[in-house]
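Each of the two complexes below includes chain A, the first together with chain B, the second together with chain C.
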Partner chain A sequence: MALWVDKYRPREIGKLDYNNDLTEVLKSIVAREDFPHLLVYGPSGAGKKTRINCILKELYGSGVERTTLVTKTFTTPSNRKLDLQTVNSNYHIELAPGDVGNYDRIVVQDVIKEMAQFSQIDSEKQKPFKVVVLHEVDTLTRDAQHALRRTMEKYSRTCRLILSCESLSRVIDPLRSRCMAVRVSAPPTEEIESILERVVKKEKYDVTPKLLMEISEKSYGNLRRALLMTETLAAREQKLKEGMTIVEPDWELYLRETAGMILKTQNNETLLKVRERLYEVLSRCIPSNIIFSTLIRELLPACRPEAKVEVIHLAAEYQHRLCKGSKAIFHLEAFVAAFMELYCRIHKT
Partner chain B sequence: MYLRWRKDRMTMTIRDLDDSLNDYKRDQILFNGEKIREIFQEARKIKEAQQDFQRECQEMEKQREEGRNQTDRGNSESPEIEELQEEGKKKKNETELWARKYAPQGYADLLSDDAVNRNSITWMRLWDECVFKRRHTVQAIESRLNDRERMTFSMENRFGNRARRPHFKILLLTGPAGSGKTTLAGAIARLCGYATVELNASDSRNAPDFEKAIDGALRNQYTIDNGNKPNCLILDEIDGAPADAIKFLAKTIQGTGKKAIKRPIIAICNSLFTTSLRELRPLCLVLNVNAMRRERLVERLQKIAQIENVNIDTFSLEKLVELTECDVRSSLNTLQLLGNSNQGKRITAKQVEQAAESSVQNANKSLFEAFSMVLEFSRHLDNKGHLFSMKQRLQRIERVAIDQVATTQNYSLMKYMIVFYAKLHMIVATHAKTHFQIPQSDFQMLQKSKACTEVLSTLRGSRHAGLSALPLLFDVYPYLVQIVQPAMRATNETLYTKKEKDQIEHTIQVMIDYSLTFVPTTIDNDTKFVFQPPIDQVVQYPVTSSESSGTDLPNAARQMIAKKIELIKLGSSFSAISVDDSEDVPERSETPGGSSRMKQIEEQERNKNCSRTEAPVPETSGTIGQVHYRYNQGFSNAVKKPVRMMDLLN
Partner chain C sequence: MNDTDDEPVCRATNPQKMDGRSGRQGRKRPAIQVVTQNEANEEREIPHIENSSEDDDGWMSVNKVKRKLTKRENLGKMNNTVPVTGGSTNGKEAGTRNGQRKASNSSNQTAPSFRRPRTPAGPKILNLDPIDFDKCAILNSEQELAVHATKVKEMKKWLDSAFEFDSNRGQSKCLLIAGPSGGGKSTAIELLCRLRNIELLVWESEFLTQLEEDGFDSTDGKNELEVFFRFLRRSHRSFTQEAKRNTLLLVSFLPDEAFKNVSDFRSQLQLSLLSARHPIIFCFSNISAWEISHKRIFTKEFISDCQIAELNMNACATTMMKKAIKRVAEKWIGFDLPTNTLDKVVEVVKGDLRSAMNILRMCPRGDRDTAKQLLDSHISADQDDSFHMMGRILYAKRQGYGSQDEWPVQRPPTERDVNQILEMSTMTPSRIVEFLHEHHLAFSPNIKSTCKILDTISAMDSATSYWETRMRADDEYNSQTVARTIMYHNYPPVVPRDFCRGRLYAFHKPKWWTLDKEIGELKTSLRELTNVNERGWMPMSMSELVKIPHFYGRMRCLDHLTLQLVKQPLRPQWTSRNLVTAFSSLQFSRKQSSFALKALERAESDLSDEETWHVTDSEEELDSFDDEPVVVVRKKTE
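For the complex of A and B:
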């Protein structure tokens, strides 16, 4: 528990910092005898996982923190072996079935069935059900989501689900209606500031409030990132003062540079260079839809108002094609080329 | 086989052409309908002509079997030519493939390179000791060889009085199609007094089949119908055999004692570097049969033309040889076709070109050539160097497009493929030479992303990393790399201040949490400590702007950290810390880092031990100090002193 993010993560429901209304709701849910399926959603770094862990602790006590990392092996109907890492305790199991791609349906079914077949050992003292935590449900295929909806009802006596995802839009309606949806919204800037201040004080660093304000603004409501940013700065200098450049992740900087290149010159050579850079980003496992949105975020402010609609339209179209196709580089490069053409047309006349 | 396959393909393309004709008529896509229909009809005529030729070839092959017994072997001695011509006239209507009819009979007739011929026959003679029990020939051969050759043609070590075999049990002949490999194999086997047993692609070739063939041909002393001749196994087209069969073969030839093979095996393949041949290659004597010399082939063709009464001049023959790329078989086939169709009339170079192009060239064009056909004008010039008319050009492109480029399996769309290539040609064809390269970057990207996924999945093995991959990749890892590399003075370990020591302590803790460490790696004769798993390669980009000026930890510091991580992992962190501190006694009082660290570990251990029990053991972090160790041995009481465990550890 050495990174500040891990070290100062609240572990009990009472110690949660912000979203106090939500905390009250969670408390009341846990206090009741009957625990519903939960669907926790909200932006990255808002504290979904922290809250899930708090709920689990509240349900089962500290025993839930004794986890082991287990690699489970599944066999597909076509006899392929799949490996998936899960976090197990006596009371719950955590997994991110999106990792196994198209075979997630089998994983979901197998795991839940396995969990549900054994009821709680000591059902008198404990809650009569176990919990399956599924991360990144929005990356699940349709098949897997439909498989979930049946199993959720069938095994609801012995097994409850906590689903977590960033956006509800890719979760099918039947799942949403079976769960109690809990939105964890990102903390406001002031809230981030006060949390940062507390942490920094505990770590005995000097800090000016202005720097904290800058950090919390640059983190866009992502508390995880804000804490990491602060710690990175602390690793560099003994004293935290204003005027320090706030570190951003390399991949974002790299894409920003790429966007700068696109805006500077629009010709074949630039396109080739951009292709190289896109390959670079793709090869380091950054998903293509993230590349799209980051590029758009950097490109849009430089466009004239009348071009903006068209640019967004272009991006939407190429991203749609990307979803249908399989080679991301084609569509990314096609978008860049189309953008260059549009930019030339509108800005040079 | 090949002919039939070719024919099937032909009919398929023609059917497709018809379809596309109808479609074009309806759609009127690119050009006006009249024109395009004209083009396609002409193209179809060419296809049909080609098809007729193929059919002819097939018939020839059928009749070949019957014809074999009746035909006299052609001999190329000049005094007999007159006589042979007579014979040729008599048998005008008989058809046998000339390639078969004029196959070389003796060693002197072989067209392939002399050195190859000599070497292969030398190898064959090495078997004499084992097969014919003639020791003296082997000795004679050995005395003739120079040092290098002696290596290649070495014999097995002698065991007692047993007959020796050559070191290499298999002769592997490789070379392009039609360079005379099969002929060479057959000829030398016959010359050395063997009966040939041939196994080629037309036979089924699983491991059991190989076993049967080898048992039958090589282990048995003599087979009944071959008189007194021993067998020699010829494995033709071995590169097409299944991998397990080849594995079996490799195993068999390494056999010794009773299982040893006692007869020579000759294997023949087109490409030496087929993956299935990997195991066999080092066990074989590999001889490269190159395409033969042009003059030699032309000379032979001339003789045959004379015998068969084909009226053709040397220039056209040279052209023919050039077009077939010195492929003996196909040049002879083409010559035969021309001779049959012309019936004694003079054959011009142009006819040769047409015939050769239709029969050979399209079949072995590479992808690159196909594309340069589309993209270069220089491929569309007539004899005088003028560009063909558009119609002719499109015709040729269409042929290429169907034959070569259309490799997708979406057959319903295939009829439109031609339009694409036609259009491509119209837009971008140039006079300059085009250089094609298969793009590498996509493949490299794939390799790299595989490596990155591997690194990421290794990282996720640590417990603190959690399960969702994306937040880790987006937020945590980019910062983690910088957090574990704090700004540090480059100085001796003992001179760090307390704060710096804390920082190092922190770094070590973080790295252990995320199962990272540094390992020494040699780069350019320089040992550097790099991340293991190489997380920096995944999250650090070559960003040029000064904004991300993450400092790299100096090598010495990395080494120190790696050492400490290793020690902690081994569970011997105590000794490490005590060694650190024993050097400088004055600082000892103000280094609680070591002991606090130890306590933490102790606590972790205890937690692990009692994790089975429900309630955690109450906090007992101070117990370490209560273990006493009394030094009770020795000669003098002067050294007797109660020492606490704590002091030893600290």
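For the complex of A and C:
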């Protein structure tokens, strides 16, 4: 049985819910002969993957939905074996090369070469190219991105790329200029509400609009999250009533608690405790960017107006460093320390 | 007279009378080594000096050589033949040098820049040592080289092509070898030349001191360059009987002057290379200082312009290093080294074969236990050193001030020099930073200093990491900056809280190491659960997903440990999954014994209550400083 998130995912371009302008653009791109390389970006839970799948279906028909999970093995020049999971169909291949670390360059080149070597069997009826979907391109090393750029030009006749990432900041300029950038923005709260309502009705649950509003507000524009939260609620009780406590993810509560600690006392001992708590959150694979934004969301309201600008400035600075650096804890902790110092300075004088 | 039994410092044989190979062995060894051996071994000094006065152009006086030494030390690390410290370490793995002659100057030859040292013809002086270390370390076959086989092959290929007279028109006659020091670069060249009966002429800068004595004014450095280029261009005919022996020039460091005007030097060098009569090998160690780095002169463009062949070497691989150490240890100590000692030696030297040989050199002969003890103490001293290094940085003691003193506003100078402190241990700079990050909080006086310190650590991490450029900013910059920031901001120095409570401060490894590894493991096991791309949100929403019944079934494929972790609520403190395992196994045996029950209760309350850290050997508190980093266990305070 599938989760609601998967079950009610739109499969065709015509059935996409929000971002109607974008949908029109996508339709026209697919209809044309010449399909460009795409770079799809936007926040998590906004529907990037859904749109990519819709585009693929529009290009190749339902055959593209018959996928297999294949573990590919790559060999590095130093004879190390790397395993990477890919999703394959006759028409496309999907992979996230970011987590092979420094060897991503080899992976990217090998996959595209392999795809480009075999052209479509029936090129009369079908599109003359295949598609390589690369997820999380922003985690690729610069080296790999440059390699990608070269390979992209070389095999552009038989192979198109769809890249997806959350932010463009870590994608190199030459790569950006070779692709058509498509921004998928997060759905507004009302859209989320209406989608939730439709889903809940189809699942035959009772629900009050107020609860839906509450859920959509707490999902921070992340549709996947909204659906998951609703499903968790539904799993507990048949009737979705007003006043039910919405189960927030425990790591969020945990971070809220941590923020409370930071606001209460600002000294080295607290920082040591906060460090331990950050370790714990990180150990659950919560992405460090999300930890940052959650912390800021909790800390900001407690600050005086004149401090707010500075806090945001600090957060931006350290998050940027985190993107460039390798050890998340250094930057998270540095932010917390800087915040404590600032808070002491402004609130206690 | 048997040449192999000769004391290497004072040769008495005449090369003319010997066959090719022993003739080369009979040649004098580098003057530099003579000095260090003198310092190391005072008994040898006398014969050596006598020797040098006997044969003027064969030997330099000790004074001259010492001057040369300081001269070469000015070049920094550029040339690794410079002995590092004291007498015990000999700059080169000397035994392998036998196949080469030194080019240095002498007044009675046409070119003042280099000379062919004649072996002194005085009476043979008796050996003090029946066999010396360098003999043990000498290589006899290609198989014994601690260099990767493909690199050796490439080197051989170049050597072959360089000496082919017919077909080498388009072939480059110049090779640039670069790699970390102690990787076996020059050893490989020397051995291959020896096996191929090629004469190796090595560039030395000792002529300069000689020139000064002869009245030349070398302050402008022009002479040095001139002599250098003459060395490259000139035809060196062999004086030995075999007139047809091939000659190869080896340059392992460049004159100082070269770095003052790089473009001039380059154009001159290009001309010299065009008119060179012998093949030339440039062999440089990678060094971090850009000013004197060979990369400054040998740019990619220059290399392709001059058609220089390039060969990049890596640091000595662990297996090869082990083999080499074993081989030498067998000959030198006379016994096999225990495996764990061997492993540790390999770890300490970090791919530098030369320093491994230097460590071995200190061992007494024929005594396995003493050798093992010596080696172990050498290694553990290194661990101790890193422990003390951390202490010195974190405490940041100031000159003339005890802990009770009134602290002046202006910071007094620190008790020790930062550079010296950082050189105390062999830890890599990024490790040092990790350790400092883990521990600096307890030593920082207030949140303001902490903020500054953490800011530096964070900035350094982002400046030295991989993404922007694959070539990272120099790591050493990282540790230097962080250490200095900490020493500056830990003022006035504070005593860690644990001390005030009468306990020792627990010095443990950075938790980030284990954490980072575990995050990786968790990600891999979660990936089993989902398709590509869903990894990112998977762990985030895991806590919600657990509550959806039909999804829980899908999670069966997760391994037991991951499932445990996912289900567990977040705790106030991060503990390694190893502890989680212990925890779950305790739960399993709960029914089996009351002891386990108690243990479990303790473990559970540990996880929830506020906890404190204890040092395991807290009974004898002061002793623990001399041990390895103290192991910490959790105990509940009553």
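Methods note: the second predicted complex is superposed on the first by the 315 of 349 C-alpha atoms of A that agree within 3 Å, B and C clash if a C-alpha of one lies under 4 Å from a C-alpha of the other, contacts with A are read in each partner's own complex, and residues count from 1 in each chain.
As a convention for this text, a residue touches a chain if its C-beta (ideal position, glycine included) is under 8 Å from a C-beta of that chain, and two chains touch if they have at least 3 such contacts.
Worth saying up front: this structure is predicted, and the values here are computed from it rather than measured.
> Go through the superposed model and pick first if A:M229 touches only chain B, second if only chain C, both, or neither.
both
> Just checking: does A:K348 make contact with chain B only, chain C only, both, or neither of them? Give me first, second, both or neither.
It touches nothing on chain B or chain C.
> Which holds for A:K81: it touches chain B only (first), chain C only (second), both, or neither?
A:K81 sits against neither chain B nor chain C.
> Contacts for A:E237 in the overlay, against chain B (first) and chain C (second): which applies, first, second, both or neither?
first
> More residues of chain A in touch with chain C or with chain B?
C
> With both complexes superposed on chain A, which partner does A:K264 reach: first (chain B), second (chain C), both or neither?
A:K264: touches no partner chain.
> Kindly classify A:Y279 by the partners it touches after superposition: chain B alone (first), chain C alone (second), both, or neither?
Touch status of A:Y279: both partners.
> Applying the touch criterion given at the start, work out whether A:G325 contacts chain B, chain C, both or neither, answering first, second, both or neither.
The answer is second: A:G325 touches chain C but not chain B.
> May I ask you to decide whether A:A334 touches chain B, chain C, both, or neither, giving the answer as first, second, both or neither?
In the superposition, A:A334 contacts chain C only.
> Could you tell me if A:R66 is touching chain B, chain C, both of them or neither one (first, second, both, neither)?
A:R66 sits against chain B, while chain C stays out of touch.
> Which parts of chain A are touched by chain B and by chain C alike?
1, 3, 44-45, 49, 69, 85-87, 94-96, 99, 135-136, 224-225, 228-229, 231-232, 235-236, 247, 249-251, 254, 275-276, 279-287, 290, 327, 329
> Can you list the residues on chain A that touch chain C in the complex?
1, 3, 44-45, 49, 69, 85-87, 94-96, 99, 102, 135-136, 141-143, 164, 170, 224-225, 228-229, 231-232, 235-236, 247, 249-251, 254, 266-269, 271-273, 275-277, 279-287, 290, 318, 320-327, 329-331, 333-334, 337-338, 340-341, 344
> What part of chain A is in contact with chain B in the complex they form?
By the definition above, chain A touches chain B via 1-3, 5-6, 44-45, 49, 62-63, 66-67, 69, 85-87, 94-96, 99, 135-136, 222, 224-225, 228-229, 231-232, 235-238, 245, 247-251, 253-254, 257, 275-276, 279-287, 290, 327, 329.
> Could you list, by residue number, the parts of chain B that touch chain A in their complex?
441-442, 444-446, 448-449, 452-453, 456, 460-461, 463-464, 466-471, 473-476, 478-480, 482-487, 499, 503, 506, 509-510, 512-514, 538-545, 547-551, 611, 614, 616
> Along chain C, where are the residues that touch chain A in the complex?
Those residues of chain C that touch chain A are 434, 437, 441-442, 444, 446-448, 450-451, 454-455, 457-459, 461-463, 465-470, 497, 511-512, 515-516, 518-519, 522-523, 526-527, 531-533, 535-545, 547-551, 565-566, 569-574.
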